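The structure appears below as structure tokens.
Think of it as A, B, C and D in the order they're written, each chain with its own count starting at 1.
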Amino acid sequence: MFEVLVFATLNGLVTGLLLFMLASGLTLIFSMMGVLNFAHASFYMLGAYFAYSISLYLGFWPGLLIAPLLVGLLGALIERYGLRRVHQHGHVAELVFTFGLAFLIDEAVQFFWGPDTKNYQSPDVLDFPLFTLFGQEFSAYRGFMIGISVLIFIGLYRLLTRSRVGIIIQAAITHPHTVANLGHNVPLIFMAVFGVGSALAGVAGVIAGPVLTTFPGMATVLGSIVFVIVVIGGLGSLAGALIASLLIGLLQSYAIASNLGVADLLNLFGLEFSRDHLLTDLWTLTLPQIAPILPYLLLILVLIFRPTGLLGNREQ
Amino acid sequence: MNIKNQKMSYFSSALALSLLLILAQPAFSQEPVRIAFMDPLSGAFASIGNSGLKQLQFAADHMFNAKGGILGGRMIEIVPLDNQQSPTETQLQFRRAVSEDLRIIFQGNSSAVANALNSTITRHNRRNPGQEILQINYSAVDPILTNEQCSFWHFRFDAHAIMKLNILTDYIAENPDVKKIYIIGQDYSFGQVVSDNSIALLNAKRPDIEIVGNEFHPIGQVKDFTPYVTKIVASGADAVITGNFGADMVSLARSIIDSGLDIPIYTFYAAYDGITATLGADGVDRIHLIHNDSGNPLPSEERKQYYRAFKAENPNNDMTQPRILTALQMVVAAMEETQSTDPYDIAVALEDMRFTTISGEEIWMRGEDHQVVQGLHLSVHTDQDVEFDADNSGFGLVTRYSVPAEETVVETSCRMRRPRR
Amino acid sequence: MKKILTKSLVWIGYLAVLLLLPQFFDSILAVSLFNQMAIAIVFALSYNMLLGQGGMLSFGHAVYFGLGGFLAVHALLLIEFETVYFSIVYIPLLAGLVGLLAALFIGSFSTRKAGTVFAMISLGIGELLAASSLIFVSFFGGEAGVSGDRTYGPPLFGVEFFQGIEIYYLAAAWVFVATLFMYLFTQTPAGRMANAVRDNPERAEFIGYSARRVRYISFCASGFFAGIAGGLYALNYEFVTEETLNAVTSGRVLLMAYIGGLGYFIGPILGAVILTLMNSLLSNYTDLWMLYLGILFLLTVLFLPKGFAGFIMMHRVAWLQRRIRKLVLPYLATAIPAMVFMATCVLMLELSHIEDESISVLNMELSASSSSTWLGLLLIASTSMLVTRRTLPALREAWESANHVADEPESKS
Amino acid sequence: MSILTLNNVHKHFGETPIICGVNLNIEEGERHAIIGPNGAGKSTLFHLISGKYPVTEGTISLRGQAIQNLPPYEIARRGLARSFQVTNIFPRLSVFENIRCGLLWKMGYGYSFWNLLGRQHDLNTAAHGILDQIGLSQRADYPAGELAYAQQRALELGIAIASGAEVIMLDEPVAGMSHSEAENAVALIRRVTEGKTLIMVEHDMSIVFGIADRISVLVYGELIACDTPSNIRSSEKVQEAYLGTVTADE
């Protein structure tokens, strides 16, 4: 049991940090522009596909650098020529725009790369077990994923707290109108933040592609989870996003690792059930089975009882 | 890449040509025999559907049209219908088939779709006597299609899941080193069938084998399989059985391999359509596949030539489902025998038909439940002795274990309702 | 009086179109298309009660549609196994009640806020239910869904609902009634206050209305009509699967309502018709239809924020002023090069999608591998785009002069 | 008898006190103005009375019934209507619909979804009547969001009086208007609030002194004076605390 717990924690950490890389960009965008960017996970997917294509010619490492830049550039262009145009029609229009964008990117990926899974491999340098615990290997690549995520978090944190730009962005997150009134070029900041946010998603895609499989459904799998994190974490709170990411990563990981089910719960109270009962599906429900829907459950509960999110201070 | 475009592109020339033919030769003026192919041709599952379509198209052209057609000179025309792997869309495409008078439908992907089509056809045929439609199922393996829900209008040309599991568990049971088995699958009917029957069959054949895990995960929703693999490792399993397909299959295999766990993975769908290429060197000797087709070496020279001819025309595709050819051949044989294209006549002729495939194997369409009985094979993913690889990757399947047709028979609970004529 | 007359005429016309359509197009395919449209119309209209009229953006509207559908198919099974015995004509109503019930429960906590909170709750519930539908196999039937047979109920005037056309007339009747009631709802105090709350929830509170309560009522009504649509779906297809309540269905209804035009009652009807047509017809000709759909959607959001209905309504003033004829030439001048541009783009997409094959257009063989083809196409595309851009200002000017109204505003009632 | 009573009302935002112990009695039929420098808490006081914010401490009663911490719609139903500092109408509804919405609750329609608005003769007549009163009959079918600013303010006043409330609270009703517009607006306010209780916040002193029966002066969340215009004008305390700062500001 202990070994399962240790690895569940490690796995939860990897997933959580990966989610955070996506959520950090989304939080920035959401907080500043009020747009829940449905296409955010699509940028993540684009990152993986760009990096895959680059890796065919130049190898993994150049892809790690170039792909996020390309994704960021694309994001900035989309903000400039798409989102900004829609902005005048209100938030619903913006949301719907990003919704359509996600749909289109999915289709475009299938158009350019086809519907098959892609053989995007981690670099050979990292193809060794970092350590072996209870007979299970923890690959160096996963360690690398953790490292990159932590680095990005630190970098982002320093950027936001130490640099001038960061301070303006922070101000824009909590008081968007005031910042505009102070004479800052808010549209430019928006474009930059959108670009950087997309690029962060791109990085996540590049490093997740080899382990989580590069295929056209990879955006859908992560897509809504990322919003869930941003909303649970709370608007305008990077720390909230980090906590929510880790929370969901660990929650899912532990849920899968456990073998608990409704039956166990009933047995605890000395209740038995028959297999032919109408509600058999409910009795036989196990925690691992519902692990992927736990975040949504959490989301609904948080929104009902604390609409501002865990660490948020602004209500919608 | 797709036949529809081809269809569009040749539209005008076909028009001119058909005009010419009508004027010139009465023998060629006969209507083609039109057969529908209904599978996903767009969307996430398009590659599997398109691959099947190419194989059927090739089978029709290469085997029959190039040799002067069937029924005394009629060509076979394959009409692609895109059901997007959705039961709803399947219904719509079915109605299209009815209104275009397409009476034979080839369909294979997704048991949900096959079930939907099966009940739709049963209903349609009951309500519209004289306009019956025939379902040629070349790939959907849900046992109920030839058991509880068997239908006179449905013929299956692949072994169903229990037949496959029966052989798979035989193979596992023969290996005394296997003591602990972990079963993991997608949380839907096929996953359930695999799980339930693996347990039952293994219990009967090797009571000493312990089932150390029986896990279901939501289909297509798992980001990372590592947490599941952790449990597999912790359970001390020495083999894994999974019915996963698509990205879930790849991700699961990848995670198992990444964790350093060196145990065999017994699968149903872990080859072709990008999967073989993606697993590459990591999957060698780990990925085992139970299928009705044989891996390398291919059993007959005729089969090899047919494969090469297919490859020459479709360099980016593999002959993943030779049973498509077999199904078409048997349907044509039924047509020739009865000199009719009426679904009822074809169905009657298909019942209990015995047929020798291009692999040289004699197979049997059991009349009782319309389930084909054929040999089953267990192959392994490798790059040694692979004459015909998959995904042009150098890796492919090599057969390790074969069972002749008569040993694959399992009983059926089918009580077929036959229409009266 | 004249107003009432015009309105009745519109409704009679609507009924006539519904009833006469299959007289002109009577193939099985056409009828199945009409059935699809009928279902889509009710569903999209019910969605617009939320988003267009109530300002609630939902990403989980399929929940009510799907639940209605599942209940309907179970009702069919009950009839088949003779547990209950009633005409299937009433099944959509039953399905509607289930939608209403679900909405009563979910709305009780989700309508507290509009905006992002509401949107996220709807998304969460949509995902939850879609996932649960695969887990609770005994009710939802897993991924194979539940199948029923509509012909076991008592025949209605000798009609046993064997054929699609019989279901069509049943659906048409329900569509007409549902449309009428949804329209009438917009004309009631609750419907009007829904608009007011959409525009300004705070102000609505200060004139005596609880914004939450107003939203809740719209939400429930919307769930009811979505359930009816689900019931019609079950009758038409005779099986219901989890895809009726998953995110794809929720997304599609959003697309329909948006492309049609949120601000107008007729918008979702237009959207339902357009999208159903595209879905069924386009997919027969090209694998790339989803890509085109995505592009169409984005273009609509970008350039026609009020949807197709909004675009049509843009010409109302010009029409009333009898100046619409002045617009024909400028429209043609822009539309023709724009069409050429789009056609060329489509051609390029198709060409790059196929491998080493060629497409023949207008008796010309275009080969995907020859660079001259690509050069030519690019040339046509860029020229036509330039021409479009050049003619656009003239069109805009013409439109403005046609829409120019002298001092006093025209009456908009 | 006083119609609205504030008793020791406090409001804190976090640690920051905004309103500190306000006591106020407003008589029925009175025209009462609240003045004070920027940031004194006038709008907050309005929000507390109308239910937008909960009070931290103290009681507010309307006709003797406690209304503090009730939701805004409950307070509105008890006969208190208000306008806002920033124009607050239903922009996408027509002018006529705006007024009609204002009338609905008073006329007993509630949340009904079985009555058709077009058939409600009384309701529509009443709405037209109010449109006439505020001089917007010509624009009845215009989308409210497209009206000129002064017309939007008039419309807002119309919505407020449509509810039939006996207490009308206006937050800076003539702010941002030209002089002639403001004059018209004041005349309109006088006309439509005839016989009702009026509470208003206003910066324009000529208007305040012209219209009000009594004036309260709010400074830093405290009521430093409450008296007739002439007494307020001569009060040294007010001069010091308030009027002085205004002159300094301008």
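Here is the rule we use: a residue touches a chain if its C-beta (ideal position, glycine included) is under 8 Å from a C-beta of that chain, and two chains touch if they have at least 3 such contacts.
Here the structure is a predicted model, which is why all the values come from computation and not from measurement.
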item	value
Chain C and chain A - chains in contact with each	B
Separation of chain A from chain B, taking each centre as the mean of its C-alpha atoms, in whole Å	37
Whole-Å gap separating chain B and chain D, where each centre is the average of the chain's CA atoms	75
Separation of mean Cα positions, chain D and chain C [Å, integer]	43
For chain A paired with chain D, centre-to-centre distance based on mean C-alpha positions, whole Å	47
Multi-chain contact residues (two or more partners), chain B	43, 46, 187, 218, 221
For chain D, residues that touch 2 or more chains besides their own	none
Per-residue overlap in chain A, given as positions that touch at least 2 other chains	110, 289, 292-293
Pairwise chain contacts under the document criterion	A-B, A-C, B-C, C-D
In the complex, chain C residues that touch chain B	27-30, 32, 36, 131, 134-135, 142-145, 147, 149, 151, 162-164, 237-239, 241, 243-244, 280, 283-290, 350, 353-355, 357-360, 363
Interfacial residue positions of chain C with respect to chain D in the complex	184-185, 187-193, 195-196, 198-200, 202-210, 213-214, 217, 221, 263, 409, 411-413
Residues on chain A engaged by chain C in the complex (per definition of touch)	34, 36, 82, 85-86, 89, 91-93, 95-97, 99-101, 103-104, 106-108, 110-111, 224, 227-228, 231, 278-282, 285, 289-290, 292-293, 296-297, 299-300, 303-304, 307, 315-316
Chain B - residues contacting chain C, complex	1-2, 4-6, 8-13, 41-43, 46, 82, 84, 86-88, 91-92, 95-96, 98-100, 111-112, 115-116, 119-120, 123, 127-128, 142, 187-189, 192, 218-219, 221, 316
Residues of chain B that touch chain A when the two form their complex	43-47, 187, 215-218, 220-224, 226-231, 233-234, 246-247, 250-251, 254-255, 258-261, 273-275, 277-278, 280, 393
